[in-house]
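Structure, as structure tokens:
Each chain gets a letter, A, B, C and D, in the order it is written, and its residues are counted from 1.
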Amino acid sequence: MRFKSTYWFSLSLLLFFIHPLFANQVLSPNPTVTNPFVEVAPENVVAKDLPNNSGKVLQVSWNFPDTLPIMPRTIKIYRYEHDTISKHIADVTPNVKSFLDTSVMNGIPYRYSVQAEYPTGIVGGLISEPAIAKAEWFDRSKINLFVIALILVSFILGYIFYSEKGQRLFIRKIAGIQAIEEAVGRATEMGKPVLFVPGTQDMDNVQTIAGLTILSSVAKMTAKYETKLDVPVSRSITMSTGRETVHEAYLAAGRPDLYSDDIVHYITDEQFGFVAAIDGIMVRDRPAACIYMGAFFAESLILAETGNGIGAIQIAGTAMPTQLPFFVAACDYTLIGEELFAASAYLSGDKRSIASLKGQDMGKAFAIVLIAVTALFSTLSVITGNEFFTNISTFLLNLTISK
Amino acid sequence: MKFDTTFWMKLSQIDRRWIFLVIAITVALPMVLGIDFTAVPAPMVEKVFQTIQRLPAGSKVLISYDYGPSTVPENQPMADALVFHLLSKDCKVYMMAVWATGERQSQYTIDHIVKPSFPNKEYGVDYIDLGFKAGGTGLINMLFTSVKRMYTTDRTGNDIQSFPMMSDIETLKNFDMILSISSGAPGLKEWIQFAGDRGNIPVAGGVTAVQATELFPYYPRQMFGLMAGLQGAAEYESLVIHMYPKFFQHRSALRKMAPQTVAHLAIIAFVIIGNIAYFMTRKK
Amino acid sequence: MSELSFADHLALWVGAALTFMIFSFLYKDNPFYKFAEHLFVGVSAAYWMVVGFWTTLIPNGIGKVFPEMVSIFLPNLSDTTPNYYFLIPIILGIMMLTRLFGSIGWISRWPMAIIIGFSAGTNLTRYLQSDFIHQVHSSSVPLVVLENGSFAWMATFSNVVLVFGVIAALLYFFFSLEHKGIIGGASKFGIWILMITFGAAFGYTVMARISLLLGRFEFLQKWLQSFLV
Amino acid sequence: MFFLTLLLLLLLGSVGLAFFIRPLRKFFPLLLTLFTGLLLVVALFIPAQPFPKLEEEFSMWFDVIAVFSFILGGGNLLRVHLMKIQQKKRDWQYSIVTVTGFVIVLVIGLFKVGSKNWSDPYLAQGTAFKWMYDAVFVPLQATIFSLLAFFVASAAFRAFRAKTREATILLVAAFIILIGRTPVGVWLTSWLPNPLQFFHIPNLSTWILSVPNMAGQRAIMIGIALGIISTSLKMILGIERSWLGGDES
């Protein structure tokens, strides 16, 4: 098992480092020619299709000196369709040396001519070779993204499939997650409700979905202990999904009789209206446990401070980096970023979900190796000034984002 | 000794409503009394000021209004102070907006700063408002190759060719400096990435406090200075006032500095008291 | 202040009253807060419904499929060609409403499935691009910085802290490794980095939050001036 | 047009089929999630139309569906409060406020009360809706937001205590930044000689924000990205399916 994953990890790294072999070659820029004559005409008119796009655009480029004895007023661009009709399509300033024609159709050959208009007259007019705009089916400029996606996905899926074969994976304990069960337990002892807020965002935010999967585990606990659960939400679709989730949890816990649609209730889409209402719920119903799991904005601290004021155990989890400090400061436990997504796997105990955490770890290892190797080579390049190291470090940096 | 411990114990668990009361008073009192504070400029703010101070007369500076009404308290004083400073230095000011809401804000600067303080400056010669164009980051990209293709008219619809100060502007590279006052994306960050870095044009600006941490990494190599939040604005105002006392009447961020600072100091005092109380009670 | 109309005056008074009602919550829960809270819930729920109706349903829903139907609201839309693909979200929206009728509520799973798929698909690629790749890229900095040929110790120190900080904090997030030995030490350093992050971000935001209160006090000042001066 | 008809047929046909075959009521939605999810992932790499537009179009679709579901949310809100009034539950009087506010705003907003033309913007000057927005909505929103000024103080008082080593680090970082934002921070260390300028509090606080803070933020963001990638994958593949709800319906 261990051997296999190392092997696999190295293979992925290798694949990643060689992937530019499959990428596009970088084109070298055209040399500029200066002309001694006074009225200089644009030269080397070239039309070409741009790669990695949906077509419908051609690039026309030409050579033209930057400084001239007499500056032309403007550069005129003409287009020939099917070699017959010529159409004046644009005027550009003389210091521009290329033009993107976005008014072309895919699959039709076009020729272009570029002329310089001087106060004394118009010169130029060479007609380019034909070019055809076409849409492509794979964006080769995104090949590095593609390879990284492939590697990360293979890590996660790989472990999920391993787990199907019955491998047990070690996962360390996370205090905040264990605290959830304790908090529900305490609420039960005190005979007080549990308040669960799945963030303030809609279902198009993955954090809301993660929050709801944690809700599913919490609802199973409250069903088992017969504790009152209250889930106010601020989006209608979240309400619908939340109801399905809680309903399923109560069924799974064998207590469908305790379920009611009123557990998950909509308040308002307005961020601060929602907060005002939850503050009201807190001071009036006095829940013993407040659990905030999902995407939060400025409301995080208002909620956490009010919860603190009523003496509730508070557990928060969010992947909003800006709000984490407030939860960390005001709550008893906080799931930081990635831990929010891990929590649902921990709590559900689902073998495949736990396995996916191991895949995420491989992803982090991949990031660490990448950062370390790149940092190492760019350090060597700085110290030695050696071109070899410089090339390697530029190469490594281009692997993640090519300019 | 026993008395001491119980006192500190009580203090460390003080009802937080006392804290609320202190905050309310510290904010309200300086406002009611009209106390004025000066602000000591941070290095990043000072850098903006000094760089502009060194610009020769006639330098061409682009200032982009990339914010809307919700962040006016933080952003507007920055824009106002910058325009005042630039015009005092006899620079040529080109206003524009990447945000649709920015147009109203540049109009505000013209009405409240430029017209009353610089009656001799002529529109189209010393300053111009190009207004908003859609496109966001794409707009910045386009301007990089050709300004006049995007801006054929100014904000009020006059032909761009009719303004003398536009005659030698072809691309963004013709500007000596780009300033962006922003509260989100696209804003200063995009100006750095798509204009400053590409064309080696000095870029700086001001952002809301919340956005500032995102921009620190660009300083000083890609961005020569930054005003962060209301405080940054106040610091810049104090620098401008120091050099040009007549700007005093236009200060708006500085007015808010007294209550802000006092409340801020109160919070610091709370943190210190909390820790003393914690250590006193822990010893027992 | 005499330019204010009656409606403006009323708005000022209502606004001031509501402001005091909310502030009263800081002392304790009370009928005034309850009133303001309940009013806000009702008003804001309706507000967002109205906004959704005029900004989404009319122009992007019905307006896309039957432009002439909404031409009295949006006159410049009348000559656009209909885009019948927007029938799909309208149908899906109606399917969503089957939840109101218990026995066929399962039909709402179709729109839900599309929403979940959309959310998963777009978030996967978006976070891969902007967070994973970009953050890895910008953390890969040289550990030594030379400026004009000489050793820049400050920038070097910063880069060392940055690279090791990112790596250590990432190690903290490992789920499958016990925090023991070298990993334990590194992840401890990682926690410290995270604590600095949280402390710094908290400290930095304090002032921005005070200015919010300042805004409210300025409003109350305006209200006072409207009848005192 | 052919493609649209096909899509509609598939959509409605699958629902129709599920009427008769119960297991399909879960199978089809899972298939639909798989299809939609994969489509949007693949779209990133395909430059040919309509793929690049897909994400934009889908988010417009999402908004349209969300507007329809407002009826569910608003309906639920009304139901809860009307029941409260009917059953004279605790604080039922305030529910009258909620219901009245909701109905009035909905009516003046949907009927554009106070505007001359149907084509005027819904928030046009002079409309009742605009007045409500300025007089009620904005003050309430801004005041609740401003409560943060108080809460930030009380949270700082409680949380920034040197109880453990981690808490001490949090405290020290926060304290330097806090002080660095005030004139106190400037004069406190302004006597430092040039070689020690790094420890001048404004410089130190900028350094903390741009180096260790940045390192922490980056690690958090990388972790979050992995968490989101993995969760999204589990949703697409149907491993995570609690949103589908119970079996019996």
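To be clear about the criterion, a residue touches a chain if its C-beta (ideal position, glycine included) is under 8 Å from a C-beta of that chain, and two chains touch if they have at least 3 such contacts.
Please read these numbers as outputs of a predicted model, since none were measured by experiment.
Ranking every chain by how far its Cα centroid lies from the centroid of chain D, the top place goes to B. Nearest to the overall CA centre, using the mean of each chain's CA atoms, is chain C. Computed from the mean C-alpha positions, the centre of chain A lies at a distance of 30 Å from the centre of chain B.
Between chain A and chain C the centroid-to-centroid distance comes to 16 Å (mean Cα coordinates, whole Å).
Residue numbers of chain D whose C-beta contacts span two or more other chains: 41, 44, 59, 62, 65-66, 69-74, 77, 91, 140-141, 144-145, 147-150, 152-154, 156, 158, 160, 170-171, 174-175, 178, 181, 209-210, 213-214, 217, 220-224, 226, 228-229, 231-233, 235, 243-245.
Counting partner chains per residue, chain B has residues 16, 20, 23-24, 27, 210, 212-213, 217, 231, 263-264, 267 touching two or more of them. Counting partner chains per residue, chain A has residues 145, 149, 152, 204, 206, 209, 237, 240-241, 244, 266-270, 272-273, 276, 284, 321-322, 324, 326, 328-329, 336-338, 342, 357, 360, 363-364, 367 touching two or more of them. Per the touch definition, chain B reaches chain C in the complex via residues 17, 20, 23-24, 27-28, 31, 73-74, 208-210, 212-213, 217, 229-231, 256, 259-260, 263-264, 267. Chain C contributes residues 26-27, 138, 201, 204-208, 210-211, 213-215, 217-218, 221 to its touches with chain B in the complex.
Chain B contributes residues 16, 19-20, 22-24, 27, 37-40, 42-44, 212-213, 216-217, 219, 231, 261, 263-268, 270-271, 273-275, 278-279 to its touches with chain D in the complex. Looking at the complex, you find that chain B touches chain A at residues 16, 145-146, 148-149, 170-171, 210.
Those residues of chain C whose C-beta lies close enough to touch chain A in the complex are 22, 25, 28-29, 33-34, 36-37, 40-41, 43-45, 47-48, 96, 99, 108, 112, 115-116, 118-120, 122-123, 125, 128-129, 132-134, 136-137, 139-146, 163, 166-167, 170-171, 173-179, 194, 197-199, 201-202, 205.
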